[in-house]
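So that we are looking at the same thing, I have put the structure below in C-alpha cells.
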C-alpha cells in the first residue's frame, strides 16, 4: 500500500490526516499553519490538542515564516511530530539538517504539490478569505495563479522532494473533491497506514505536473529577464539593491541564513574613521551605513546555492526589492556549478563541504 | 602548631568576629571564646543599625556564618577565660567551657527538643520580654543554630525531677545531659579582648521609674520589642498592659553624670528609636528629652535632621536630677526642667531610657584573669590612650571594641582591624627568625 | 467541574527570585520557625536582585507563571552596595510596560525582605499567593495562540 | 536667542544646499552628511561628501526616511571621533536618536554639527517606494505650504510634538514663515561657532517663529494624547496584545530599523533566548498549542522594556514592518508612559543621564509610587 | 580614460606556495609590475570569497588569489575548497553581469617564481585593458 | 559521555524524613520524563552533613563516577560549603553540584506532607535539570605584590606606612608637599587623652625618614593607576619636575587628609581680612611660634571661641572641634591666666570616654562656656542668644572660629583617577560604613584619616592601623589571592560598547577596552552580583553559575 484516498477536498483531507495522527497518539504534536477564524490572521501552530486542529489551514496559499526554519527549532525531537510543509520549506529544512540545525528523526514530513502563495501584504487584508476557493480551483487545473508571488510563479520545484507523505493538490483537478495521500516512506506507512480511506498501491506520478512545470519555466524566464531592466553589471545591481535600507530582514527570515550573528552585523564590519576618511578621499562621497550592496552579494556567495526560493526575503523587504528573484537567479547558477539542488537529498553534502580533484580546471 | 600561629579572641561580637575572620584569612588559627551560647554580640539584638537603618541581621549573619564555617576558627561558646600563663608570644590560655548538653556536631538545629520541655522561664537574651524553655536558642535565627540547656532550670540537671523529654525528642542523640564542663588550655601567641560593654543600670536612678512602671524600657528592651524576630514579632505593645503606646518619651543621657562620660552613641540610637516608632506607629507622638546632642560622625547629622521635627519633638532637659517619671493613672508623667529651668510635664505611655554604655559586668574578672589593667571608668585600659589604642597593659594582649570604651559599631570594627594588624605584627616579631634577624641587624 | 470549583482548586505557580543575602536568609528563618508558607512559590536563588533582568522576568511571565516575586534587601542594605536601587528602576520599567499593555501588572511584585524578617517573608509570600489566587491563572496558560 | 533670515532662490532645499556648499567652501566644515536620491530615483540614501558640487543632487529635506539618520551617524562614529567636522542634516527625531545613541556611546558627537529643521513629517517608506514621483510632488507641496498633511505622512509624524527645535547645533526655522524665507538659529556653542566662521550674523528676532511653533505644538500635544490613549486602549490584555501583533512574521525588521536598538544582535535572536525543543513541546502540550513564529509578543514586550525609555517615536519600525503593524504607534505610546515614570525625555538633552544607569535613594515620584504600592499592600495584609 | 592608468591589484597569496613563489620572483630579480599588492595568508582556503568581493567593491582593479597547485596544498585539501568557493564567486559575478575577469585564481608553486612574474604581468595587462574598477566611482554601493 | 547524576536526599532526621515522603521521592525520580538519556541515581541517607554522611557521600561520588551531584537537604546557607568540600574531596568539580533546599522550602513550611513531597520533587527535578546546564569552574590563584603605596604624608599616612613597612614589604609614601607631617606637624600639643605631647608627630616623621623599607616621594602626586588588589600599576609624577616613577603595588592607601573650610563663606561670619578673627590652625601656628598675638603685636585680653562654624551649611558635625577648641582655650590660659576666654557652643560633643574629664578640666581653668541657640559675628563683636535666654552682644579682642572640616582639595580628582566613590559630603566613601570602614568600593584601595571623614589625630592613626591590619591579612608577602569564581564575563561578539555595565558596577570591575571597543570584566575584582547582567540589553554578559540558561531551567521546572 502506498496511497490513501479520502473522500473530501485535499485541504480537508490534510486536516483529517492530522487529526488521525494526533487522536491515535501516533504523534505528540503537529506543526501546521492555522487561520484564526475570527480575525483571519495566520500563524503556524504547534498543536498538541486535537481540538486545536479546527483552525488548521494546512495548505492555504500563505507563508508567514518558513516552516522548515521553525521545525528546526523543534528538533531533535524527543517525541514524534508531524509537520505540514510546502516543498520549498521541506527543502529548506533539509538544507538546515545538513548544517546541523535540525534533525529528521521523529519527524513525519507531510508536503504537497504546491500552487504557490500570495505575498504577505495581500494575505493580511480581510478580503483574503475570498481569494482562497478560486485559488484552489485554478491550482487544481494546473494554472500559474496570478497574484501569487513572483518566485512562486517561477518555481519549478513544486513537487515535494523526499517528503514522507505527499498530498496531490497542484495540477490535480480531483483535489477539490478527493484527497490523494501518497505514503512514500516506511515511517509514513507505519504512522498513517491506519487512516481510514481508499487504500491503493498507486504512487505519485510526476507526469501530471508537466504542464504546470512548463508554465512555471516560462514564467521564470520572464522573471529573470525583468530583473534590473535598465542596467547590467554594477549599475544594474545598484538599480535593484540601491534602495536597500540595510535592515537585513531578508537575512533574518531566510531559512538558509542560519548564522547566529551575521558577519555583516558583527564587529568585523565596524569601520573606524581613518577608513571612512580614506574612502571619502577616493570617492568624494560615500554611503552610510556602508556595505549596502556588499551585504547582498556577500550573502549570495555564502548561501545562494542552498536557496530554495521560498520567497520570504522579498516578502519582508520594506522597500520591495525583488530579493528572492535575484537570489533565485543567482542560486540557479551557483548550484548548477555542482549539479546541486538545494534540499533534494539529506545525504547530499553541501557543495562547499566537498570537492572533486578534477574540476574547474579553467579557474586557475 | 607553634604558639605564634594561634590567637585567642575573647568575645564574639562584631569586633571579635571581624578580628577572628581577618586572622583566619591571614592564616592564623583562631580560638574564639564567647560566654553566651550564640555568637553575634549586641548588634544582632538590633533590627536595624544607624545611621543607614540597614538590617543588622543582613549585615552580621554572613559574618557569623563565615566564622562558624571557617576551618581556621574554633568557636567556643559558653566559655570563659580563666587564666593566662606565660608571656609575650607564648601564652597558655585556660578556658572553661560550660557544658552545653547538646552536641554541636550532631545537632542540626531543627528545634524538636524545645517543644516537649516542660520548663518555661524568662528569656534573658530577649531582655526577659519573652519566655524560653530550659533547652533553648535565644531567638529564631541564632547562630550557631544549636540549643543549649540551662542547667539551673532544667528539671533533671537541677535535680528537681527526672525528665528526659528533650533527650527523647532528639532524633540525632544530640542532647546529652551527662555533658560536663571542661577546661582546656590553649597555646596562643596573642589575645584580643573584645568582650563588649554593658548597660547602665537604670534602676539605680529611682526617679526614672525603671522596674517600677511597666512602661519604662531600656534601649535593648525596646530593640527586642521592635525586632521582627523578637518576642512580640515586632509589635510595639507595653508589657503587662499590652497597650499600644500613643505617646513615647525617650530620655537621653541616663547615667552620663554617674559614669562621668558621654557614651557618644545614645543620641543616635534615640533618634533611631524615634524613626522606628514613627514607622510602626505613624500616629504616635515621640519626644526626645535631651541635653547636648552628640552626633560625631559625618553622616549622623543628616540622620538627626531627618527625624528632628518630623519623627520626634525635641525637648531640652536641663537637669537629669530633676527629671521624674511617675504614674498618672492611665500612663506615665514625665516632669523635667526646660532650657530656661522652668518645670514642664508631659503625659506619655512609654518611656525609653537612653542609658550609658558601661563596662561589661565580667570585665573585672577578665582583667584579673588576663592580668591587664582597667581605666578609672572600668573599661580595659590601652597603652597611651588615644595614640596606640589597641595594646593593653600586658604585651601580647590587645583590646578592641566597646570593651575599651563606648563607641559605635564603625569604631569597634576599626579597632578590631587595628588590633589584628598589631597582633600580626606582634606575632611576626615573636618568631625566632625575627629575633635572629634583629640580632643580626644589631650586629651590623 | 463548575467554574467556581475550578477557581477553588486553582493553585497558582509563583516564581520567586530571592537575593542570597537578605530574602533567602529570611526564607531560611521562616523555615526554621516552621511558619506555614504557600507551596505556590518556587524559590530561585540569585546573588542579588539586580541580577534579575527584564528578559528573565518576561520569560517567566510568558512561560505562564501566575505570579512573579522579586525580593531583595531593603534599599540601602544591598550586600553589593547599590544593586537593589538599580533593580528597583528596572522593575519600575517592566511594571509600567505591563501596566501599559494591561497585562495585569499585579502579577509582578517587588518586595524588600531582610534577613531577620522571617515573619514578613511568610506574610509577603502568603499574601502574594492569595492575591494571585484571587486573580486567577495567568491568562496565557489557557491560550494556544501565543 | 536670535537667528539669521535666509532668502532662497531655489526653495527651502536650495537654502540648505546653499548653506552646506558654503560651509564646505569656506572650510568651516570638512564634510556633510545628507540624504541623496538613489540612481533609480526610488529612494534616498545617506551620503557623506566633501565635494560641494555633489550637493546639487542632495535632497536635504528628503520626503521619506529610509534609514534613520542616527544610524548613519552610528556607522560613521561608533568607533570614535575623528578630526573631520561633519555637518549632518537630520530631522528632529533623528537628532534625538543621535543624542540617545551618544549617551549609549554608539555615536560620538564631538565633531558632528547637527543641523535640524522644522519637520513637516515624512512620507511612509512603503508609500514612497510605491510611488516615488507622486510622493515627491506631494511632499514638495507640503513643504511649500509649510504644513503637514496628515494623510500623507507617517501616523507618528501627525502627532509629533518634537518637530522643531531639539538638541541640535543649528536649527532651521520654517514654520509660520512667509514665502521662501527660513530662519537659521544657532542652538549650541558649536553651532554658533560654525555660523560665525561662515560669517553669518544672527541678529534677527525669532519670536514670531517661536510663537507659531508653540501654537502647533499645543495643537499636536492634544492630538497626541488622544491618539496614544486610543492605541493604549486597543492594546489591553492578552487579547489586545495578540490582536496587535497577530500578523507579525517575526522578521524583527522593526528592531533593526530602530535607531535605538543598538545591540549587535538582538537578545531575542540570540542563542540564549532560544528555547530547547523539549521545552517548546512541553509548553505546547500544557497549553494545547503554541504559535509560531515563536515569542513574537515576548519580543515586542521585551523590546518595550529595553528601549522604550529611549524611543524617539521616529516611526522607522512601522516603515520597516512588512505586514503594516502600527509598531510605532504602540511604541510611542509605551515610550510616553515609561519615560514619564522617570521624568525623562529621550533625546531631550545630551547631558541628561539614562534612567537605568542611575538611581535615587528616594526615588522619583512615579517610581516611588510603583514600588511603594507593592510595599503598602503587604503591610496592609499583615 | 587616463592613459597613465596603473591598476591596483590585491594579491592574496598562500604562504607556502604562491607567496614563496613571489619571493622567488623577487630574489631572481624578475620584474613584475608595481600594481601587485601582495598579502600573505596561511592557506588560500583562509580566504572567504566575501573578502575578495570586499576588495572588488573597495575599488581594487583586480583581485588575485594565489595558492598551491591542486594536490599540493600544505594542508592537504585546502585549495580544493578554495577552488569551489572561487567558482561560486565567479558565478555570482557572471550572473549579475559584474566583471568577473577582475577576479583571478592562480596556482603558483614555491618554485614558480617566473610563473608568478608572468601571471602578475599578464594580469596587470589584462586589467589595464579593462580600465578602472567602476566601483571606485559608485557612491551608492 | 552520558551524564550520571547522583541525587542524595538527606533525611535530616525527622525534619525531612517525616515531613517529606522520601520513598515516594526516590520512586518518582527515575521515572521523570525527559531524562531518558541521563542516568539518575537517587538515594537517601540519614544525615548527610554528619561526618559519616560526608564520608558516605564522598565514597558514593567516587564509586559511582557521578558526573553531577544533587543534594536535597537544607539551606545552602547552612551546608553548601559542607558539600562543596565533599565534592572537592571526591574529585568532582563543585560547580557540577547543586544543593536543593527541601527542608526550609518544603518540609518545614508546607504542613501537608503530600504537598510538601510534591514540592520537593519539583525542586529536585529542577536541580537535576539545572546541574546539567552547569559547567565546571576553577579557582585561580593570583600572584601578588605585598608592597603598598600611601598617598599623603600626614599623620595617618605616616602611621600606615610605619605599621606596614617591613623587610618583606616596601611602602612608598607619596606626599604632595615638600615635607612630611601634614597639618598636625604644626600642633603645639595634642589633646590630653591622646596621651603624649605633640612631639609624637616629630618622632613619627623621623621614624619614617629613617625606615629603610619606606621610600618617601616628596612633591609627588599620583598620576595614574590601573589594576586590582595585589596588582596595581601606578605612576607617580613629581609636581615640580617631570620625573615619573612606575610602581607595582598590592594596595593603595589614601591619606590625603582634610582642609578647613573657609569660615568667611558661612552666613553670619563674613569677616574682613583685617578683623581679628582667626581659624584654629592659625592659632596653632601662632602658638607654635611667637605666641598668640593680635595684628598689633599685643596679646589679646579677651577672646571668643566659636564652635560649629559651618556645621549647618555642611550638614555634619566635625567631631573634634569641641575638643580642640578647649585645647586652644588652654593655650590662651597658658599664655596668660588673665585672658578672658569665652567658648560659644551649641551642643558639646564629647564622644570619647575621656572627653568629659577634659571638659571639666577646662571649666576648672576658668573658661566661660556659653551654650547658645544662635550666634553672629560682626568684627570681633559677638551677637548671641543663650539657650533659654534673649539676645546679647559681647565684644572681644580676638575671635577664633572652629570651622567645619572638609575634604582636601584634590579629593575629587583622586577619586576620579582611582574610580572610587565619594559620599554626598565629598569625603571618600567607605565600602561599608559600619562593617568595612577603611576599605573603598575597590578592593585594595583604602582610605584612612580625615580623608574619610572628620577625624582627630588619634582616630586617624587608628584608621591607619586598621588599614594595616586589613592589608596584612589580604596581602601576605609571598602569598596569593584567590578571586571569586562565580563572576561575570562579557561575550565579545555581542558587546556593543555602550558601557552601561561600567556605570552600574559598584566595584570598578569592568573596564572599557578602547582598542576592541568592548567592555571587559576584570575577574579578579568582580564579586559576582550580576548587576551588569541586569543592565545589559544585548545579553552580552554571562554570570557564571547563574547563567540565563541555568536560571531558565529553574523557571521552566517551576512552571511544570
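Note that the chains are named A, B, C, D, E and F in the order they appear, and that numbering of residues resets to 1 at the start of each chain.
The working rule: a contact is a pair of C-beta atoms (placed from the backbone, for glycine too) under 8 Å apart; a residue touches a chain by one contact, two chains touch by 3 or more.
Computed from a predicted structure; not experimentally measured.
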- Message: Counting hops between chains that touch, how far apart are subunit B and subunit E?
- Response: 3
- Query: For subunit B and subunit D, what is the smallest step count along a path of chains that touch one another?
  - Reply: 2
- Contact-pair count is greater, between B-C and C-F, for C-F
- Message: Centre to centre, using CA atoms, which chain is the farthest one from subunit E?
- Response: B
- Item | Separation of mean Cα positions, subunit E and subunit A [Å, integer] | 37
- Could you please state the distance in Å, as a whole number, between where the Cα atoms of subunit A are centred and where those of subunit C are centred? 43
- Two or more other chains in contact with one residue: find those residues in subunit D. 36, 38-39, 45, 47, 49, 54, 78-80, 264-265, 267, 270, 273, 275, 278, 284, 288-291, 306, 356
- Note on the structure: Within subunit A, the set of residues that touch 2 or more other chains is 36, 43, 45, 47, 49, 52, 78, 238, 242, 261, 266-267, 270, 284-287, 292
- Query: Do you know which subunit F residues sit against two or more other chains?
  - Reply: 34, 77-78, 432, 493-494, 504, 517, 535, 537, 539, 548, 552, 556
- Task: State which pairs of chains touch, listing all of them.
- Result: A-C, A-D, A-E, A-F, B-C, B-F, C-D, C-F, D-E, D-F
- Item | Touch list for subunit B against partner subunit F, complex | 14, 18, 22-23, 25-27, 49, 51-52, 54, 59, 63, 65, 69, 105-106, 108-110, 112, 145, 171-172, 260-264, 292-302, 305, 316, 318, 338-341, 375, 377, 379, 384-390, 405-407, 409-411, 413-422, 424-425, 428, 437
- Query: Where on subunit C is subunit F touching in the complex?
  - Reply: 13, 15, 24-25, 27-28, 30-32, 34-37, 39, 42-48, 50-56, 59-60, 63-65, 79-83, 86-87, 90, 122
- Which residues, counting only subunit D, touch subunit E once they are in their complex? 36, 38-39, 45, 47, 49, 54
- Message: With touch defined as at the start, can you tell me which subunit D residues reach subunit A in the complex?
- Response: 31, 33, 36, 38-40, 42-43, 45-51, 54, 66-67, 71-84, 125-126, 129-130, 243, 246-247, 249-253, 256-257, 264-265, 269-271, 274-275, 277-278, 280-281, 284-285, 288-294, 319-324
- Mind listing the subunit F positions that touch subunit A in their complex? 34, 36, 492-494, 516-518
